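So, here's a batch of structures to check.
In what comes next, chain A is part of two complexes: it sits with chain B in the first one and with chain C in the second one.
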Partner chain A sequence: MNEKGLTIVEMIIGMTISVIILMISTSMMVNIFYKDTKSKQSEILSQVKNDLQSEITVGVRWAETLSFSDNELVVDNSIYRLNDGVIEKNGEAITPSSVYIEEFEIDDFSTTLQQKSLRVNIAMRHRDFSSVSDSLEVVVSQRKMEIEEQ
Partner chain B sequence: MINKGAVTLIYMALVTLISVLILTVGYSRFMLSLRRSEAFADTIETSYRAESEINNLLAQLVGGYLTEANFPISESMAFGDTRVEIEARIEDNSQIIDVTASRFFAVNKIRAVRVAYGSGFFNDAEIIIALDCTGSMGNSSGSSEGTSRLQEQTKAVLGFIDNLAVSDYAGNVRMGVAVFGRNSNWLRSVSGQQVRPDAGMTVAEVRQAVYSGFTYPSGSGNLARSRSQSICDELVEDYTNIGAGFNIMNNYFENNPPPSGNAKRVEILISDGEPNTYIRESVCLNRPTCVPCSGNSFPLDYLKCTLADQNTEWTGGRTGMRNPLVDSYVVTVLHNPPAAVVSAIQTYSTEYYNAIYAYQLSEILDRIFESISTSFARTTISRIIPISEE
Partner chain C sequence: MRKSGYLIIEILISIVIFMTVVVAIFSNIATVMVRTKRSGLTFEAGLLLQEEIEATYNIFLRDWTVYPDGEYYPAINTSLGEWTLLDGIENNVRTRYSRKVEIETVCRRPQSHPDSGKIVDCIAGEVDLNSKLIRGVVEWVEKGENKKVETEILLVRTNI
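Right after this comes the complex of A and B.
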């Protein structure tokens, strides 16, 4: 009978090892989940950045008319505007509410009047994880859509 | 003893299941993220590949390496994973080239439409000539025949109209003749009709109007020597406001649609003097807002703003008034051309000629006629896919 039981020393050693393993594994899990969450938010920002880059560069490149002012870019009939941390296109949000757009700046980089070149600078962060941020800076030029040869 | 290890097995199975689930979710997310990045990269790659190919084809067309004999074209090629399809055909007098670049996650299609004019493709044209009606036109032309500048101008314009009349394009051209001095006006026919391109006059009728307006007595066969002998006196005041000559032509082209979408529009202005005056109505439309110009340099500024096209800045932040689709040919008769005037005209006109003596005007107008009627082409490039949002 004596051989079937555990001594108190064995139990203490067993519990200590269990606690240590639990603490290490919990810490690792928390770390993994934190990093996972952060990477998810970064991915969202990265996707928003890519979407905005595609949308704006394709639009500007083939635009017939272009104009811009503070926080606003007008490409033909489409008006892109920064409103309360969200970029809207003709009044409809094109960035998710989880992403806060901090800056939507446009500068004129044109060297000719015929084709405009714009530098678009967009800074963004996650609304709930302010440490997760990203930015997009792109220079895009209108294409020459009419060419005359003599 | 049989049950020994059962809990361990269940525990191990659960841990394995949970691990597999976590790995699956992680992998799915990783794959999704990868695919999104690929889609973005594909968009950029197809966009640039399509543009590159269409530019390559246009360069070959312009350089003569690709001719109409090569049409229709139907080719496909691959650059790595990018597939490029080229479809080119001729419709009416247009060469239409479609280039489609596609990858796994993106397609980009660009179309170039090249319309050739001249050499049998000279569809419709509108030509306006603005003639100098100032007093200095009565001075000697420098010719051994003893003609005046006004007489040489009339001879040159009649020659230009005669060239047009015997050309294949006579029936396709709408012609107008304006005159300018301090102000500007349309030439009038004997019946008082304004010689505007939209007046419905034939080339022969336009010639008749010039002939009767610039002969003395009218219709006599003797070319008028001076403004007082010609119709000039009735139509405009003396002194030189070259901008007024451009302005009447700009106004016409701005307010009247072209006879067809492919019509060539040309303005020709002849002057023997420096701009030295202006009138209250001489206002530079300093796009986008209209601000009157003033100051001593105004006559020259007015010339610049009326001659420069709407895409060209003639002074800080102000663009010109001429429709960029209208070609502007300017001819001056200046023995010692002033640098500021020459520089302005050379900068803002399509082509500029200076005749040291007025008797050279006929030869210059012949060259302009040749330049206008020589073939040229206009290419319009547009994006078909992704579809533009209206």
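Right after this comes the complex of A and C.
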């Protein structure tokens, strides 16, 4: 007689296969979502690097007056300052709150007193994913604006 | 009599469909990650290029006649705390890049010529002692492929 239902062996084999498939698929999905999230956080840092690079380059290059101190850069009337992990321009944040700026360091390697050549180092990490970090090192020289008489 | 449940072929087909979907999603994300890394490398090369051009510009504001035509790379003179140019090509910059600054004499059409002042080959023009052509080049290898970013800047001396 052909009985309906499953034997215990069939059930165990079925459950084992199901568990294996579930484990593999779960680990793959977790891996995918983790990499996707990490990729998105890296993308945010890249965007911040792009923004800061163009902001600092244009500002310093065409500045008439330039000065700096610890965590602060003054370009004409604009004051860039590192405050609580965020870079502010005249008191307004120009980096997103999700990015923690760890370092905002400026060195002067100018060969002349009149036109400065600065190297700006900025180290950053994601606030929620501290393993996602990046850094920016941008060198920019102040342009000579006045043309001297020959 | 037809039994209830799945055939092995049905299970295999469902696994194949599931794996295809997973692989499609994964390859999509992998492509995005590779592109992000590539654009990151190009951005980094751009920063190195900017550094050599900006440093050279600042050096030439003071040292117009010090560096003859040739290949150089920027470095920091640690005793003076200022930029300097060293001879040759700099290799293994951040383990990946090589870079150089080429300094070239500029020649222009003479004043007697209708196109006076136009930059031309030195055979057809006169050397302009107050102009220099600076070419910055950064090269690197990415997955066996040679990559390069370069730019030029024309410097004109005004404080003679």
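Here is the rule we go by: the second predicted complex is superposed on the first by the 143 of 150 C-alpha atoms of A that agree within 3 Å, B and C clash if a C-alpha of one lies under 4 Å from a C-alpha of the other, contacts with A are read in each partner's own complex, and residues count from 1 in each chain.
Basically, a contact is a pair of C-beta atoms (placed from the backbone, for glycine too) under 8 Å apart; a residue touches a chain by one contact, two chains touch by 3 or more.
Values in this document were obtained by computation on a predicted structure and should not be read as measured data.
Legend: residue contacts after superposition of the two complexes on their common chain; A:Ile94 is shown touching neither chain B nor chain C. Shared-chain residue A:Val86: touches no atom of chain B or chain C.
Legend: residue contacts after superposition of the two complexes on their common chain; A:Met145 is shown touching chain B, with no touch to chain C.
In the superposed model, A:Gln47 makes contact with chain B only, not with chain C.
Touched residues of chain A, counted separately for chain B and chain C, are more numerous for C.
In the superposed model, A:Val58 lies in contact with chain B only, and not with chain C.
After overlaying the two complexes on the shared chain, residue contacts for A:Thr111 are found with chain C alone; chain B is out of touch.
In the superposition on chain A, contact of A:Val74 is made with neither chain B nor chain C.
By the touch criterion stated above, A:Ser25 is placed in contact with chain C alone, chain B being left untouched. Overlap of the chain B and chain C contact sets on chain A: residues 36, 43, 46, 50, 53, 114, 143-144, 147-148, 150. Interface of chain A with chain C (complex): residues 2, 4, 6, 17, 21, 25, 28-29, 32, 35-36, 39, 42-43, 46, 49-50, 53, 57, 108-112, 114-115, 117, 119, 136-141, 143-144, 147-148, 150. Taken in their complex, chain A has these residues touching chain B: 36, 40, 43, 46-47, 50, 53-54, 58, 61-62, 76-78, 113-114, 143-150. Chain contact summary for the complex, chain C toward chain A: residues 1, 3-5, 11, 15, 18, 22, 25-26, 29, 32-33, 36, 39-40, 43, 47, 50-51, 54-55, 57-59, 61-63, 76, 81-83, 158-160.
Looking at the complex, you find that chain B touches chain A at residues 26, 29, 33, 36-37, 40, 43, 47, 51, 58, 62, 311-313, 319, 371, 374, 376-383, 386, 388-390.
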